[in-house]
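Listed after this line are the structures, all set down as structure tokens.
After this come two complexes, each holding chain A, first together with chain B and then together with chain C.
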Partner chain A sequence: MSNVENGMSKAYKNAVTALLFQLADDELLYAFRASEWLGLAPHIEEDVASSSIAQDSMGHAVMYYKLLEDLGVGSEDDLAHLRPANERKNSILTERVNGEGYYMETPQYDWAYHVVRSYFYTQAKKAKVDSLCQSSYEPLVEAAMKIRMELYYHRLHWETWFKQLLSSTDVAKEKMQQAIELVMEDFGDMFSFGKDKQAIEENNLLCQEEALKASWKASIAPVFAKLQIEVPEIPETPHLNGRNGEHTKDLESALATLSEVYRIDPAAGW
Partner chain B sequence: MVMAAKEVTTERVYEVLMTVMDPEIDSVSIVDLGMVESVTVEGNDVKVVLLPTFLGCPALEFIENNTRDAVQSLPEVNKVEVEVVFSPPWTSDRITEQGHVNLRKFGIAPPPRHFEEDGSWHVDCAYCGSTYVSMENIFGPTACRSILYCKSCKNVFEAMKPVSTLM
Partner chain C sequence: MTGVLAMTEEDQMDRFMERIEAGEKIEADDWMPEEYRITLIKLISMHGISEIMGALPEKEWVPKAPSLRRKLGIMAKVQDEMGHGQLLLRVAEDLLKPYGKNRGDIMQDLFNEDLKFHNVFHMETKTWADAGLIGWLVDGAAIITQTDMLKASYGPYARALQRICAEEVFHAQHGEAIIMALAEGTEEQKALIQEALNRWWEALLMFFGPASKSTTGSTKQDATIKYKIRTKTNEDFRQMFFDRYIPRILSLGLTVPDPTLHYDEAEKVWKYAQPDWTEFKKIIRNEGPRSQERLNLRRHSYEHNAWVRDALAAVVN
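Coming up: the complex of A and B.
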């Protein structure tokens, strides 16, 4: 794996690096927010399931950071833990808090929000991973094929919750509708490649932004049709674009917690 | 006393790898789980290539270390290299027949080899073989397992999730 750089132009390597940071940071933040539900999920089976999904997603983040390490960008742990918020390339949605409060104190987390965020994010991940299976960068193809198999179970899980809550009581439906609105406000950068759009698309690392959006919509349309609700519109322009390092305050607090232990002594083996 | 260096054979390496168990299911070896992609011997140096079952699997590092230690324990072996690769991806049909037998011994139903048309799957009870079971939680105590309930013998049991490239 050490000679992946052979025969790669500098421009191509830069494009791969840019995309890998977007993919890796998305997974890291999503996994972190998902892991905050540990012990707080609605019931014990869900606790097991959500933490399993969080663990898988962290595994996917590790894999993408490892591909960056293989490109000589830095060590995978340093890349995950030590980069400041303004260098992060995750989508805004993945960094958002789960609700009011801190999980160590008295959290008032919003389960409807977690279900909608997870369902929409997982379907977006599916659109990307499907396309990555045809990427021009072979290590990404291999990673995507592996991730896709695990993703199958995640999609099944969140789709079930999404359908059930939206077929439930009026209170549940209302909370879900509010959550859908909240999630969609932050969905403007989900399929954006930011400033690296041209480089990523021209090098055929992943299909075009518009194709990803179409694939996402098509994948959720049957579920929405059954529930008799409209597929929400993806905002044309994001209010903040995480792919360009623009973030909310929520990211800083996430990173502070996530990397607290690692920062104490980056050289230690955990 | 000078010992003549004995030749290392791949058969011997596989034999010793049969003693390396999954730390979370200690009745099943990594060979029967289908995690060993290849063993190459060059002189007295050995290289073992492993495929992880699930990417976030925390047992992977233990397995890597145990693999290295096991092969190194062969007196004829000089250098050991253990590499983890993701391609070809591990799929549940890599588990051997012996692996299926040993999973049942542990109370885990082996992964079904077939999917229904809608992508769902069915296993029989790991204890009594009854087909009258219900899925309690598709996510079990580890990434690769699900939790089911047998309505015949009234036991909770686990099943190894089927994983396929067709998903």
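Coming up: the complex of A and C.
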């Protein structure tokens, strides 16, 4: 049996697949959580703006799942909807609920948490996407170029919220500080490649984990300096590593909801 | 020379009605009779708030949409509805200025239940087919009533509607695409659309409001026609809806849940069983199937996020 397919060695293809799952699952879960806010944002203009960001992120998820489909891994919808929690590679942060309560009832979502999660996640995404523009895998380079254009506006949006809420009322500052702590507790696997670290790094698909962390810190440092707060430390070892399929109960409930209709009949056209 | 300031109220009214009759557009800063202003405020704030409340039933299906492409489609659709709400509330806010009121007051009126949202958005959604049917037939119904107001005498509203109607056409196509996929699908999927149609039929008839005052005791159609905000009656709209959608519904192999429905060739009208107007009266008193749940969700999220608006106001000041 040949270990080269489409001019690609089996090891290389495995590394690309592993990375694509991490990228795709991150975007799907982030977009899913953001979409739960629809209709419930603090004001109408924000509802429209953040919904736009959620859509873009879902669009990015689609791009990554499509690349997996092109590699023959499975159909994009099966990959997005049917894989069980222990096969998902998203970071823990992206799967976390927005707050107490189910979106179909009267949820108590935390806007401070959404702002901090979105800001930190978007900056992490920027670090990755910049590096992906130099990836050895050409289809990823093309995807990253497109994503980078939209990312500019997402960063601007969340950075504005982050700065405003941290320079406002005491209530807002306190809620934001609590949110920063909560988000950082889950940040340990954000830049991790899990057990695929060596394969991803050696094949030059993306720069090394440590370089991504440094890039993230450098991108937020000026904002933190202006606000006179310390740049938070990224946990050395994650309490759970989503890149290795370790997850919280929050992911299971998210997957149950996002695949509820598709699972009625995955073979049918919807 | 008689300046506008020297004109009596009667003269102003005469001049205003001449402008209306001549098809001129009235702008936000123009003189207008109180009745016109109040009619517009009621109509436009209700329309705006209905777009926002109308996002809630569909939003229930956003996270559950059954494919990545459908997820993208319905997210964009619900976002548009919120955008329409924003656009319309801005128009309403300008009209409210002389009363010293703003958007916060509109929200409070909704919460106090003084301002009502459209009767169709009080209904429950049960399956994905409801999400498709809302886009296809509820937005389809909205296109019919809103297109009639594209030439409304009030300029800011007419211009907002230009943009809204253009987007509503995409929404109806989005809804129709969902319904078509189900109609071409498995027996189970086909059953979902029939059930959705059965569930929504009466709500679709009620969408246009009662034919005359005698049904429910009041209707806003008289003042809106007098001031050329709209041209057709509730019943005209309902008949247009039948004309446009009955053939499409039947062509999908669906059954209209009204065995008496037929086109009367002699009278050139559709004959149909009246929906339960007692139920309609309950709905417009916020006693519909999901009225209180949706109001509570909106009230609660507004109160729960009050600290954010306070924080933003503090930054601005």
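Annotations
Just so it is clear, the second predicted complex is superposed on the first by the 265 of 270 C-alpha atoms of A that agree within 3 Å, B and C clash if a C-alpha of one lies under 4 Å from a C-alpha of the other, contacts with A are read in each partner's own complex, and residues count from 1 in each chain.
What we mean here is this: a residue touches a chain if its C-beta (ideal position, glycine included) is under 8 Å from a C-beta of that chain, and two chains touch if they have at least 3 such contacts.
Just so we're clear, the structure is a prediction, and the values are computed from it rather than from any experiment.
Per the definitions stated earlier, placing chain B and chain C onto a shared chain A by superposition produces no clash, and the two fit side by side.
Contact with both chain B and chain C is seen for A:Met58 once the two complexes are overlaid on the shared chain.
One geometric descriptor of the composite model is the angle centred on chain A: between the Cα centres of chain B and chain C it reads 50 degrees, in steps of 10.
Counting residues of chain A touched by each partner, chain B versus chain C, the larger count belongs to C.
Of the two partner chains, neither chain B nor chain C is touched by A:Glu233. Taking every C-alpha atom of chain B against every C-alpha atom of chain C, the smallest gap after superposition is 5 Å.
Note: residues 45, 48, 52, 55, 58-59, 62 of chain A belong to the chain B contact set and to the chain C contact set alike, using the contact criterion stated above.
On the side of chain B, the complex with chain A involves touching residues 54-58, 86-87, 89-91, 119, 136-141, 143, 147, 161, 163-165, 167. The touching residues of chain C, counted against chain A in their complex, run 52, 55-56, 59-72, 75-76, 78-79, 82-83, 85-86, 89, 128, 178, 181-182, 184-186, 188-189, 296-297, 300-301, 304-305, 307-312, 314-315.
Contact residues on chain A toward chain B in their complex (touch as defined above): 45, 48-49, 52-53, 55-60, 62-63, 142-143, 145-153, 156-157. On chain A, the positions that touch chain C within their shared complex are 31-32, 35-36, 38-45, 47-48, 51-52, 54-55, 58-59, 61-62, 65, 76-77, 80-81, 103-104, 106, 108-109, 111, 164-165, 167-169, 171-172, 175, 257-258, 260-262, 264-265, 268-270.
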